[in-house]
């Protein structure tokens, strides 16, 4: 095709699509980043939390509760759920010496259970909530679906709020302290238990929110958790453990990388390439693009 | 007199001996009943026990959590499959895949050993993913369909083929026990103890005159070669290979097996994978939600029996042996 | 009038797993009193402080802190009851800057304006100028001595009413050692009740009113820090 | 391992703006005790880190009897006979005390013994039990290092350095957190050792420093303030001001 | 063994969990319905049929293990149910090595009855080539010389079906204007829409399945790429599992198919009725083919007079039998069922029949060299 066609049909839209995918990716990654960066919990079941969020919205939909309501309701529903998980599974192993691996293992088990539970509840087949904002606005040959624009907007807003809490308040430092040395932190008056629960819940709520926001675009099915999660992990790495800014940059970056590489090479190779990038980062810049939350 | 680790190892040997005993009984019964399925299922379990052993060497002894050990297992399987298809003999296939995986793991080790802790876990997962994708997308390797038509070959020197269920069972058991012996032997050498020390506190090692990097590298390559060798047996048993062998589920199952069996006990890896494989294959005949059961079981174990079966039994054995030792010591 | 005991420890027993560490300790302190606790390595001094601070649960015995029973109370509640603990191994939070470490000390301080908090922190910086120079540096990269200062500042900044201090002058240069003891003296004057574990007898005796000597988890001696023959007995009791 | 002399020339290292060690030079003569003192943050531990290969100097050299060992890796330096302890205890906390020492002593064995069964490493085992007794840790040999009291851990810390018969022993505040009795013990032992081992010490316990050292180096804000015999140093006015404080 | 009391066992190794669980379910239902009917009417050679189900998790390694269990322990005579071609091929090989019969009712990868064919492996559903020929013929009729754009998942099955359709489309005078192969489980297809838009196609051919279909079609709709374009694909693209989720984006989708509940024959009406009664859902191709398989086996066993593998294999050669889709004939050369194909259009969530192609025209050449 002509170079002009290429520009207007391929490159330009590609950038926009990369942006949507990027925001989606960051949304999913955000919660992971927080539980990882602040709590040192590598939550292998984060993807399933995301799925649970999506299916909550669908369940609410079946009860006649609309998209906009569930946008608020689902995170609220996620909170007690996450707090229960934290209380029952994370906290008991938290003071163990090898808590990194232990929490990773527990959440890995949880992932299996949740995924299967979703299948049990909703069956194996895909669902798709109706697109709450159908229609698209088109600039010349470029088509921008309304909902995707909304997604970019809403996503950015969520990200901004989270970033503000972590960076502009001292909460980040407090949680890090509690996570690193619960006794000492407690002796300085930090209510360790509450801190853990809230931080973990916060991560889960973000996952849930992501689920609600993305279901109309990517549809929902029990194994959807695996969808983003591997990518999300690479984002966490490349961005730097638990750095919000890092996650955002890395998310958008990787999304663009996979979007643009797919133009030049067979798309099946984009995922290996993304992982390659992640590996390179782990090798040469384990700190990631940015440092870590609450780190001097 | 024996130090703690040596005693623990001896306890592990006792447990392994128990396993061998059970295995023999099972074998005799199976022969008597002319069973092939359970023999071959047990063989498969043993093969995956090899993978679990390699995970345990990394996690239990060196403190490195590898979530991508399936990469080397699968690599071993594919190499031996290709060699067998191209008409090579059993031993050539076995040696060939062990060798190639060793080389591969040196490369992998150079990459993975730059990082620690969860970063290591993630890098191993990423490497395995890349490997799986490469296989999945490569026509020459059968791509998504995998490779079938791997011939049944004679295990020269033993006078039976890989197709003979009892023969191959005994043979595999021998190999896996050999690997177990190798590892437990290693743990009783200063090198092995350095690995244990690595897990405890890496920063001190160099100031005692030992190279952290070298120790980790040895552990990593050894583990990978172990995985590759056991992987090489898979296509001989099942006659095909498919990309699923490199997927996270494979690594995950091995990990579950190690946790269930007892991290760092070696014998636990054997118990664990026998248990998990058999459980899975029986469970999923009754429920389509075996995943949930396994996951729940796993969580419960990590929460309430974190040391796993062997890890729970071993201290009791050690105490008992301690008493016996002191008694005999007293009588002398 | 009769003086009320602020802190009352009665026949306290603490285990680590199977090993019986504290084997019936009795200690008490009145408001504003400062108490020295001495003993060989492994005597159980730290364990005693940890038990009071709520880090380890006593198996039996009673722990009273003006009216509250501490035995089953979690560390953060203990802290909010006005008890500060400075552990021997400093426990600086890695990855947190000096500033953040210091501000953590004020986390629990409720209903205090940010201005006051800032003032409190600045007071600490004035007291430990070395720390002021290092505000943004990662706490764990401080020198041993600096870490000790940070550890103390972090706890003192919240002005606890009872202060548990475990070997504060360990690894400090003589000058700083003096500072630390004078600081402890000051805190005492401000009315803080103090439990001080020290190996530096001379300094500790000077800074305290009374002392207890502990060995194998039991109080083997108590006396007044001022009296010479008590000091004499102390030396005999715990020196080799 | 034979005692060697250790010479440091113009050693410097800065962290960001801060010059933690600034052109420090001195010599620790063989089979003598050289002590580095100085206020907190003077750069003593950093100096130790530079010598023992934990950190690389920005400039300057370290030499063992004229052999240049600047920014050699810790394990190589160890082979050259340098053995150090840490100010902040640094043990294998979930291995037993005995195992901690045995690993330290393993250094006495030839490389191939790494791959042979433990019991073949007889020398290491002998050394291990010897050190255990010498430091009164024999009773705790089977206990996990992490379960030791602070002072006991400090003792183990020092013991591990001795387990490998070093030629040069670098101890960063060995008596820190030790009770009176143990401190005296340690002093006595160091004096013993100094007959065949070069000892480099960081200490704040002035009594100990004065009684023990053959040579004292005073550091202040990364620089060498002065050096000399204990007496000379004590007399030095700057040292008075910078370190001992107003007496 | 062959006394009337002992039932004839059929081993069903099918994904009841994992990605393909949905398909596994309809396969199971189809088989169970036929088995129930046959047993109700006296069974086969006076013996009852018995289905033994095993979950294969869409993983060949598991499939083989389970299949072996059924062969060794339960001594089944026939294995079926596998969905992804990897499992089908692996199980087929196992069947051959243990000399039992295996049949797929789902996998349509040409290799199975092509270069990887096996004397013990049969296929009763329509392979990619049959679907391609059918669809190509129809598209060439309704949109002569149309510009066709191909979309497929980048793995064996996807590639081969795109290749097959391309071949016959070009033969039929349609012109190819571009294609993209996306990885399966792609989240976002929008990154390819540029190429698609630039190619200005009249017809889109898609070979995706399951949830990928949902994403592809809804995203095409989002970006207004479905306007005055004919979207076509194979049988598996839109089926009873995902038709609801696809919603309006699937309206008017055309597939080269071998089944629709709307096929207007007495057999099919009866089948649909009893299927609906049993499972409260419309049957789809997988169900119909699985249902038909049981009747095929019944007929073959009765013809052979025993369940002995070699006898039954011989009986199956060129056997014709009745299915909801009408009469199918098993081609002796490659064990592929010849069957009348239909063109199906999705309208308001229903599968309407809009065209027919006789089996003889759609079967394509026999590429099996092994027997």
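In order of appearance the chains are A, B, C, D and E, and numbering begins at 1 in each one.
Just so we're on the same page, contacts are C-beta pairs under 8 Å (C-beta built on N, C-alpha and C of every residue); 3 or more make two chains touch, one makes a residue touch a chain.
Predicted, not measured: the structure shown is a model, and the values here were computed from it.
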Moving only from a chain to one it touches, give the least number of moves from chain C to chain E. 2
Intersection of contact partners for chain C and chain D: none
By Cα centroid distance, the chain farthest from chain D is E
Centre to centre, using CA atoms, which chain is the farthest one from chain C? E
Gap in Å, rounded to a whole number, between the CA centres of chain C and chain A: 44
List the centre-to-centre spacing of chain A and chain D in whole Å, with centres computed as mean CA coordinates. 49
Can you check how far apart chain A and chain E are, centre to centre, with Cα atoms defining each centre and the answer in Å? 37
Whole-angstrom distance, CA centroid of chain A to CA centroid of chain B, is 33
Could you say which residues in chain D touch two or more other chains, in rising order? 94
If a residue has to touch 2 or more other chains to count, which residues of chain E qualify? 17, 21, 154
Pairwise chain contacts under the document criterion: A-B, A-C, A-E, B-D, B-E, C-D
Would you pull the chain E residues touching chain A in the complex into a rising list? 17-19, 21-22, 25, 154, 180-183, 185-188, 190-195, 197-199, 210-211, 214-215, 218-219, 222-224, 241-242, 244-247
Footprint of chain C on chain A - complex, ascending: 170, 173-174, 176-177, 180-181, 183-193, 292, 294-296
In the complex, chain D touches chain C at residues 15, 37-42, 45, 87-89, 147-152, 154-155, 173, 176-185, 204, 206, 243-245
Which residues of chain A touch chain E in their complex? 1, 5-6, 9-11, 13-14, 17-18, 20-21, 24, 116, 119, 123-128, 130-131, 136, 138, 141, 143, 145, 147-148, 217-219, 221, 223, 227-228, 258-259, 262-263, 266-268, 270-271
In their shared complex, chain B is touched by residues of chain E numbered 16-17, 21, 53-55, 57, 59-62, 64-66, 68-69, 71-73, 84-86, 89-90, 92-94, 97, 109, 111, 116, 154-157
